[in-house]
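Before anything else, here is the set of structures, which you'll find just below.
Okay, so subunit A shows up in both of these, paired with subunit B first and subunit C after.
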Partner chain A sequence: MFVRCLYSTEQTKTKCLKINAVQQKLMQQFLLKKGDFSKFVNTAIKDSDFVAPVEGSREKQNTRPFFREISSADEIYLGRKSYYTVKGFFFRENEKIFGFNGNKIINPESELKDTIYFGLRRCDLNGIYHQDIVFLDENEDPFYKARRDASLLIGYHCREGDDYCFCNSMELVDFFDLMFYDKGENYAVETGSEKGNSFVKKYSKFFTKADNAVSDEDRKTVNRKKLNTADIKDDYDNDDWKKGSDICVSCGACNFLCMNCHCFDFEDDVEFDLKAGSRIRKPASCQLRSFTRVAGNHVFRNERNARFKHRIYHQLQYFRERHNVQFCTGCGRCIEGCPVRIDWVEIINEMKK
Partner chain B sequence: MPKPKVGFYDLTGCQGCLLSVIFNENEILDMLSKIDVKEFRFIMDEKYSGKLDVCFVEGTVVNKEDEKVLGKLRERSKILVALGACACHGNIPALRNFADEKKLDYLKYEKKHEQMQDMEKPMPIAKFVNVDYSIPGCPPDRDEIKKFIKEILLGKEFRNYSDPVCRECRLFENGCLIDDGQICLGPLTKGGCHAVCTTNGFKCYGCRGVTDDANFEGYFRLLEEKGKTDVQIKKHMETFAGIEINEKLKDTEWQQLH
Partner chain C sequence: MSTRIIKNSPYKPRAKKVIYYKRESPDSFTIRLDWQLKHEPGQFIFCSLPGIGEAPISICSYSDKYIELNIREVGNVTKALSGIKKGDKLLARGPYGKAYPMELFRGNNVIIIGGGCGVAPLKGVIEYLEKKRKDFKDVSLFFGFRTPDDVLFGKKIPDWKKKFDINISFDKVQKNMKTCYSGKQGFVTQLVDDNVKDNSNKIVFICGPPIMIDKTAELLLNKGFHEDQIYLSAERLMYCGMGKCGRCMIHGKYTCLDGAVFRYDELKDYKDD
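On to the complex of A and B.
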C-alpha cells in the first residue's frame, strides 16, 4: 500500500521515506475506457465478490447510497459519496470470536472469498487505513486481518465534496490498491500497491498504460466546508461544547456512520444445554450511556457533554497523540447522519474565532 | 441442581407475549427440558398454587381482580418478571389514563357503564408489586426471552438491552424516519427489537420503554423544527409507554397538553 509518510520521529521517518521511495516506483498509471467499464466490472465479478456503492433501496426504506455485494455493473452508483460506509464488511455486528463446549474452545470457521471493494472515496480509504492501525498494528485481530488480506481496495476520486464533508482540512494519505479518476471519456487509473499492479495485469485487456494520466489537479477535491484544525487541547472546558451536547438525542448515529469508529462490546451467548455457546463482538457507541458503564453500574461519562467531547477529542486529539495520524477523515457523515445535524465543525470553528 | 419451578400467567392483555415464549419453535423443547413449567395455559391444563422460582406475568392491571391475582403471584414467587409492554409500561390498556372522560359519557346512555371495569387507571404491574426483572416490548423479543431464561439458569444477573432503537436501525442501514419527517421514537426508546418496525418502514412507538439518558428536550426541539406540534408528539408518545414518559416529564408543560 502506498502511504505518504506522516511519522514524526526521525527513525520512523527515515524508514518510512525508504518504503515510500520503493512504493513510488510501484505506482503506475493507466487509462480505462468508460465504454469498457461495465465489461470490466462484469468480468471481475465472475472471479471475486464485488462490493460497490448502490443507490438506496425501497425494501430497506432507504433512499441513501450504501455498499453491498453486486452482481452486475449496472447497480453501481457513483453519483455521490455513500451515506453508509463500507465499514460493516470488515467490522461486523455479532462477530463470533470463538465458540466453546465445556472447556473446549472451538475457533469459528470462515470461508472468505477474495473481495473487490470498488468506489471507495478518499475518506473511506483513510478510514480503512486507520482501522488497520487499530486492528493490525496495535494488536492483530485475526478476523479483521483475514478480511483485509482477502480485500482489494479500489478508490474513486471525489472532484467535489458535498455540504457536509471537509476532507481537505484533514491530513489524508494516499492509500489504495487502485484509484479511479474521472477523465471524461476515460477513467485514469493509478495503482498503489503490488496487489493493484497484479490486478491490472490480470485484466490487462481493459487497461492501457498511460504515464502522467493523473495530474496534481486531478487529485484535488473542492470542499465547501473547512475545519479549523488548531489544537483543541486547552478547550476542554469551553462552554461551546454544550451547543452540541444539549441538542444531542443520544442515538449513536454519528458513531455507526463513522468510517473510523471501532469500539466494540462483547457478549456471551449459551445454548440451552448451558455448556456450549459462543462469544460475540458487536460495535459500540461512545455516545451512549452503556459505553462507559462498568460493574456496580458506575458510569464514567455520565453527562452527555462529556460523551460528546470524548468523541471529538478522540477524532482530533487522542488518536494523533498516540499514532501521529489525525483520526477524523473529514467525510462529514456524522453531521449528515445526525437527526439533529449537530455541526461540531462549526462549533470548533466558532470556538477558535 | 433441581429444575426451577416456572409459571407463566396473564392479566389483562392480548397474550401475545405468551405466544412469544412458545413461538421459539426450534428451541422450545430444549427450553422446557431445563425448566419445570407448573402453569402455562397455552400449553397445559394443570393449575398450580404452590411456590414458584420464576413467575412471568403478562398484561396490565386494569381492575381489582387483576390486582388480587398479581398480589398472590408475588407472594408465591421468588423472582417475578414483567413480560411485555403491558406489564412493563401499561401499553395500550393504559391509554385510558389519557382519555378525555367526557368523551366516554355516551357509555352511560348506552348503559354500558356497568360493564366498565372498576379501576379507573390501568397501570403496569410494578405500580402494585415489586418486580425483579422486565422483558419489555410489544411483543417481547423471543431471543430476549430465551436469553433471560438461560441467564437465570446460569445464576447470572439479566441485563436489559439499553441502547436506543437507532443503533440497530443504523447497523441495518435503514433510512431515518425522523429525517423523513415522521414522529419516530427511535432515539428515546430502548432497542434490542432488531429495529423490526423501523426496518419495515413503521415509525417507532416506544414499546420497549425509555432509554436511561433520553434527551426529551432535544427531541422535542428536533421535531418542532420539523413542524410537529406538541400535541401530535404527545399523542404518539402516549400510545405504548405513556405512563413512563409522563413520570419522566413530571411537572412540565407536557402534562397539560391535549
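On to the complex of A and C.
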C-alpha cells in the first residue's frame, strides 16, 4: 500500500518528496464507464465478498447509511458519507482471543475471506491506515492482520463534505488499493498498490488505461467546516473545554462512531460448567467513568472534563507525538453522532481566537 | 471462506505451576511460579484464571530460576487468585513494561521508598542490589505499612538489615503492642524527612499509593533533589500490555510500554490524568 510520505521537519521534507514522487509513478490511472459499473460490481461479487455502504432504513435495521456485505450493485449508496464506519469489519466486536477448558488453552480461529471494501471515503481509508499503525506496526495483532490481508480497499472520492467534516484540516494521506473519482459518464480509477494493480488486471475488460484521468482538481474536497489549528499543546488548562464537557453525557457515541478509536477490554465468557469458555475482546470507551478505574475503586480521570479532553488530546496530540501522523481524520462523525451536539472543533476555534 | 488457526497470538498466556504459596498479610499473599523468565526489576506480567479474568502483577523477585509475585486482594482476579494452592496452575504472559534502568545508577547511593503493597515491585530491585551489591554505594530502604500485621516479606527483613540501612514505619500501632519489627509510628514521609539529609549522588525509587508518592516526591524536591533523581511507579488499568488497548494511557504515554516505572519529570504534571 502506498502512503504519501509526511514530513514534519525541513530536513525530512526533501527525502519525503522524493519518496512521494516514486510512489506517484507506480500509481496507474484508468476509466470505468458508469454504464459498466453494475456489471463490474456483480462480477466481483461472484469472486469475493463485497462490503459497501448502503442507505439506512427501518427494514435494514440501521436508519442511517452503514457498511454491510451486499449481494448486488443496486444496494450501493454513495449519496453521502456513511454514518457508521467500516472499522467493525477489521476490529471485530466480541473477538475470541482464545478458548479455554480449565487451564488448557485452545487456539482461536480467524475467518479469512477475500473481501472487497468499496465506497470508503478518504477519512475512512486514513482511519484504516491508523488502525494499521496500532495493530500491525509493533506486536502484530494476528486477528486484525488476517482480515487486513484478505481485504482490498476501494475508495470513493468526496467532492464535497457534509456539514460536519473537516478532513482538509487534518493532513490526510493517499492510502488505498483503488480510488474511484466521479467524472460524469465515467469513473476515473487510480491504483495505489500492487494489490490494486493486480485487481485491475483481473477485471481488465472493465477498465481502460487513461493516463492523466485524475487531475489535482479531482483530488480536492470542499469542506464547509475547518479546524483552524490542531495545535492544542498549551491549552490543556483552558476553561473553554468546559463548554463541551459541561453538557457531555459520557455516552461514548463519539468513540463508537470514530474510525480511529481502538481501545478495548478483555472479558471472560464462561460456559455453564464454569470450566470451558473463551476470552473475548470488546471495544471500550474513554468517555465512561470506569475506563480508568483501578482495583480499590480509584478512578484516575474521574472528572468528565478530563475524560472529554483526553479523547481530543489523543486525536490531535498524543498519537502525532508517538507516530508522527495526525490521528483524527476529520470525518466529523463524533460531532454528528453526539446526542447533545458538542462541536469540539468550534470550541477549539473559539479558544484560539 | 477459509479459516486460519491463530497459534502465536501475543495475548495467549501459558499455564504456569505455583511452587510456593505464603500468606503475607491479612489481605496479601506471595506465590512463586515455576517459570524461568528473563526479566528486569520493575517489569510486570499478566496473571489470569480462566473464567475470572486477567490482571497485571509486578514481579517481586529477581531470579533466573523462578518468578515471585506478591498479590493484594483488591479486585475480582486477585481475590480469586488468593484461593490458589501450591501445585495449582495459573495462566501467565509477559514480561511487560520498562524496567528500572539499573545500569545507569551504578556507583550511586540508592534510596528505596515503598508504601504498603508498593513494597512488592521494589523487592525485585532489592534482590537485584543484593546480587550486585558491589556496584552500588549505600542503599537505604524506607518502608511504610498500615500496621505491623501488614508488613510484607517479614522474613527477608533481617537479611536485608545486614546489607542495607532499613527503616520501617507504621501508620497505626496499638498501645503496648509488641511486634517483631522495630518500627516507628507515623507515615513513611516522616522517616524519609528524618533520615535523608541531602541529594548527593543519590537515586530514589518510590512505589506506593498515589498520595504517598506525591508527598514523598514533594518532600525530596524540597530537600534539593532534582526531578531526574526520582523514579516512581504508575498504576493504571490495562488489558493488552502492548499499547493497543489504550486503557493505561497517561497524557500520551502508555504505562505498559513507557512505564510502569517513570522518571518524576515525565509524569509530574499528569499524575491524576
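Definition applied: the second predicted complex is superposed on the first by the 330 of 353 C-alpha atoms of A that agree within 3 Å, B and C clash if a C-alpha of one lies under 4 Å from a C-alpha of the other, contacts with A are read in each partner's own complex, and residues count from 1 in each chain.
By definition in this document, a contact is a pair of C-beta atoms (placed from the backbone, for glycine too) under 8 Å apart; a residue touches a chain by one contact, two chains touch by 3 or more.
Predicted model, so just to flag it, every value in this text is computed and none were measured.
> Using the superposition on subunit A, decide if subunit B and subunit C clash or fit.
fit
> Is A:38 contacted by the first partner subunit B, the second partner subunit C, both or neither?
After superposition on chain A, A:38 lies in contact with neither partner.
> Is A:286 touching anything from subunit B or subunit C once the two structures are fitted on A? First, second, both or neither.
After superposing on A, A:286 lies in contact with subunit C but is clear of subunit B.
> Looking at A:215, would you say it contacts subunit B, subunit C, both, or neither? Reply first, second, both or neither.
neither
> Looking at subunit A, does subunit B or subunit C touch a larger number of its residues?
Result: the larger residue contact count on subunit A belongs to C.
> Could you look at A:105 and tell me whether it touches subunit B, subunit C, both or neither (first, second, both, neither)?
In the superposition, A:105 contacts subunit C only.
> Could you tell me if A:204 is touching subunit B, subunit C, both of them or neither one (first, second, both, neither)?
So A:204 meets neither subunit B nor subunit C here.
> Touch check for A:266: first (subunit B), second (subunit C), both, or neither?
A:266 contacts subunit C only, not subunit B.
> What is the contact status of A:274 with respect to subunit B (first) and subunit C (second): first, second, both, or neither?
In the superposed model, A:274 contacts both subunit B and subunit C.
> Considering only C-alpha atoms, give the closest distance between subunit B and subunit C in the superposition, rounded to the nearest Å.
5
> Return the residues of subunit A at which the contacts from subunit B and from subunit C coincide.
270, 274
> Tell me, which parts of subunit A touch subunit B in their complex?
56, 60-64, 66, 84, 88, 93, 246-253, 256-257, 269-274, 283, 285, 288-290, 304, 337, 339-340
> Over in the complex, which subunit C residues touch subunit A? Could you list them?
Going through subunit C, the ones touching subunit A are 1-15, 48, 50-55, 72, 74-75, 78, 89-91, 210, 235-237, 239-240, 242-247, 249-252, 272-273.
> Across the complex, what residues on subunit B touch subunit A?
Going through subunit B, the ones touching subunit A are 27, 30-31, 33-34, 146-147, 150, 153-154, 162-164, 166-167, 170-179, 186-188, 198-201, 211-215, 217-219, 221-222.
> For the complex, give me every residue of subunit A touching subunit C.
97-98, 100, 102-105, 107-113, 134-135, 138-143, 146, 262-268, 270, 274-275, 277, 279, 284, 286, 291-296, 298, 300-301, 306, 310, 313-314, 317-318, 321-322
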